[in-house]
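In what comes next, chain A is part of two complexes: it sits with chain B in the first one and with chain C in the second one.
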Partner chain A sequence: MAVEQSLSRALASFQWPWQYEFPPFFTLQTNLDTRNKQMDAWCDLTLAYYRHIKAFTMDVNEAQSSPLFNNSKANRKLSVDFIRLILDTLEKRGNVEWQDTSKSRCLIMWRSPQEWGQLIYQWACDQGLGSSVCTLYEIHSGEYATEQEFYNMEPWMVKKAIVALAREGKAEYIPGTAPDDSDAGVKFFT
Partner chain B sequence: MASRRRGIGAIDKSRIDKAKFAAKGTEIADLQLSHIAGQLETFKKHLEEFASKHKNEIRKNPEFRNHFQQMCARIGVDPLASSKGFWAQTLGVGDFYYELGVQIIEICLATRERNGGLMTFEELKKHVTKSGSKTRQDVSEEDLARAIKKLRVLGGGFTVIPVGGRRLVQSVPGELNMDHTAVLQKAESTAFISKSVLINELKWSEVRAQSVLDHLVREGMAWIDDQASDGERLYWFPGLFETRG
Partner chain C sequence: MGAFFARLRGGGGGSEPPAGPSRVSEQDRAILQLKRQRDELNKYQKRINTQIEREKGVAKKLIQDGKKDRAKLLLKKKRYLEGLLDKTDTQIDNLMQMVETLEYTQIEMKVVEGLKQGNECLQEMHKIMSLEDVEKIMDETQDAIAYQQEIDELLGQNLTGEDEEAIAAELENILTADIPEVPVTAEIPEVPTHEPGALEEEETEKEKKKEQALEVA
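Moving on, here comes the complex of A and B:
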């Protein structure tokens, strides 16, 4: 299982918070203060984990067995309801977007679109891309972006970042002609 | 048959004798007192000389500091009483505990989020030592206890709770009664406890066990865990829970 191997390799360097070893972390707390602390810690951990493995989407049912929500060593795991509670909290904070009404899949934004936009804008300025048009593909998979944090980012996230930049007047989003918008482009105003 | 003196003269004589005895007694007592006072004065002077001479040792070596404290306590001198006055000025000992106390408050506040205001002395010591300052490298648990005792003048909130062979510092106001500390003692080595353990080992009624556990959860000192292998709810204490590193 190549995927699992590369995941465990990526996680070898991940700094788990102390709570991850603390068994009651995996049971929803009844004391409200304690529960708030618990929820904050889960939100932070979820974003940090996704950032570490550079992933952007979550399937809730699959996530149940991922190391994030399942500490096999401590023999503790989160229920689907608990996971949804975390994701709902993250949605309120602007870090999660549900993709379906049954809440089985969601987008995880460990950086906000504005933050990504800023990074991409900086890169565009450094590359001297001002006032020329480049494709979104060049941003997330182009040869000049390999060193960037947004390299290999999922296209929808790039689009969100560009839309955020456009709202600030720093770029213009140019819709593509392909049905899936895969050939969309952007014009930076530097 | 010897005649005994009677009458006014006899009464006067006995009064005079009594007064003489009393005067002599006071004289002796005064003498003794001044002698003792002199001894104490000499001892105090020696102690002061000793203290000035070994100032650095006292500040640096926790064992030495402890012995010195005990010596002072025996003659009723408290070098920690204030940061002013002779002792503090010569030694800076008052400052030492004052600063340590401030540091302890800071550590307790910073970790309260995690431990609910309950912390082992080992953990506290780890944090104090971590602060980097050189004089903090050799702080003993005795020093911590002494500094915490000083903090009591600030009002409630800082208490030392002995559990088993260890000590805990409680940094949130709120009384912990005998039942609560009994639970902490039982949980000391594992960081968790269950209701049935309290019922079986402490011979408590279920109501009593439950109400004590509920209190600790309400105070934020205990977390509930419903995933134990035998299905019984466990109560975990983050303040007792040690993690790697």
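Moving on, here comes the complex of A and C:
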């Protein structure tokens, strides 16, 4: 209940694109040119929506009834196949990663791991965490990160960001001891 | 195209970074372990906090319903939970103190390492600059200075009183030679006796007379 309330409050300030009120937008277009444009608009809208509500995972069946794909005012909603098509396009763009082969759940990255990594790295430098270790929990739930955009970010996204930083040589990922890797750590290098 | 590469780099699921020599030391792992325990305590505190909130809510409702005794029981439980929170805070402080100590000791180790390197370098340089060498060089320098003094003395002895006079005279010459002498026998033009214009007329007359004389001849 509380989650739904905060969601509707967050959505009150969301700027829907004009297409959202345009019924044909909810039907897959046959003309290839129009369809590409439609797909681009849907991809952008999906990412903007997820960025706005600060969410990182999508359950396709649940998403069908979310305000994103279901405009109750216009009485239009997307089919599951259409949603999958959008997500597949986003996957090609590198913004989506399927979590299962049946494509029912996926991760949505409205900011690339590299971009998140950069933000976290900047924060770590500001905190004077250079060349010291900290836990991933400290990054997404720690008391020093409450003002950060990545506060309350899902752990898998933090991990991806750190792995991206590790590729640049700015950090080293330290695997955790728990089976789900929830107690992993990171060492930053400045 | 860009998206394709972004996918190549960003994709691959939870792939681990390329293997290389780990820059994570044993101390780092120890600190991480302490921080993990702190995280656990933090999570525990969050849980206790929600529990306290719940008990508070239920107690309020019980009071409204007139079940004072049960409400009292719940408030007692709440009190107990709050005590737990305080205790956990102390534990977190303990853990963090340990982390600080470890981190500080790491810094001290780095300082010692730096001093050690400096010391080694100093010793290395001292080896190059051995005492005997320095002594020898200083002796040789002393000898050279003494030799130079001897030369100076020898040169000084050769100069007699006459030499001194000659030197003084030469110096005088050089000093006076630079001043140009005033010429004594310079010819000074005579002062004119008449007006410049009158002279010219006289001369033209003289020339006329000469011409006349030539014509006559």
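Rule of thumb we're sticking to: the second predicted complex is superposed on the first by the 190 of 190 C-alpha atoms of A that agree within 3 Å, B and C clash if a C-alpha of one lies under 4 Å from a C-alpha of the other, contacts with A are read in each partner's own complex, and residues count from 1 in each chain.
Convention: contacts are C-beta pairs under 8 Å (C-beta built on N, C-alpha and C of every residue); 3 or more make two chains touch, one makes a residue touch a chain.
Keep in mind that what you see is a predicted model, and the values were worked out from it rather than measured.
Ranked by how many residues of chain A each touches, chain B and chain C are led by C.
Once the two complexes are laid over each other on the shared chain, residue contacts for A:Cys134 go to chain C alone; chain B is not touched. In the superposed model, A:Glu21 makes contact with chain B only, not with chain C. Within the superposed three-chain model, A:Thr30 lies in touch with chain B and out of touch with chain C [touch as defined at top]. When both complexes are overlaid on chain A, the residue A:Ser72 reaches neither chain B nor chain C.
In the superposition on chain A, contact is made by A:Lys159 with chain C only, not with chain B. Residue contacts after overlaying the shared chain place A:Ser13 against neither chain B nor chain C.
Note: no residue of chain A belongs to the chain B contact set and to the chain C contact set alike, using the contact criterion stated above.
Here chain A touches chain B in the complex through residues 18, 21-27, 29-31, 33-34, 37-38, 75-77, going by the rule given at the top.
Contacts from chain B toward chain A in the complex involve residues 113-114, 116, 192, 217-218, 220, 223-229, 234, 236, 238, 241, 243-244.
Those residues of chain A whose C-beta lies close enough to touch chain C in the complex are 91-94, 97, 109, 112-114, 132-135, 137-138, 141, 156, 159-160, 163-164, 166-167, 172-177, 183, 185, 187, 189.
The touching residues of chain C, counted against chain A in their complex, run 3-4, 6-7, 9-11, 13-18, 22-24, 28-29, 31-32, 35-36, 39, 42, 103.
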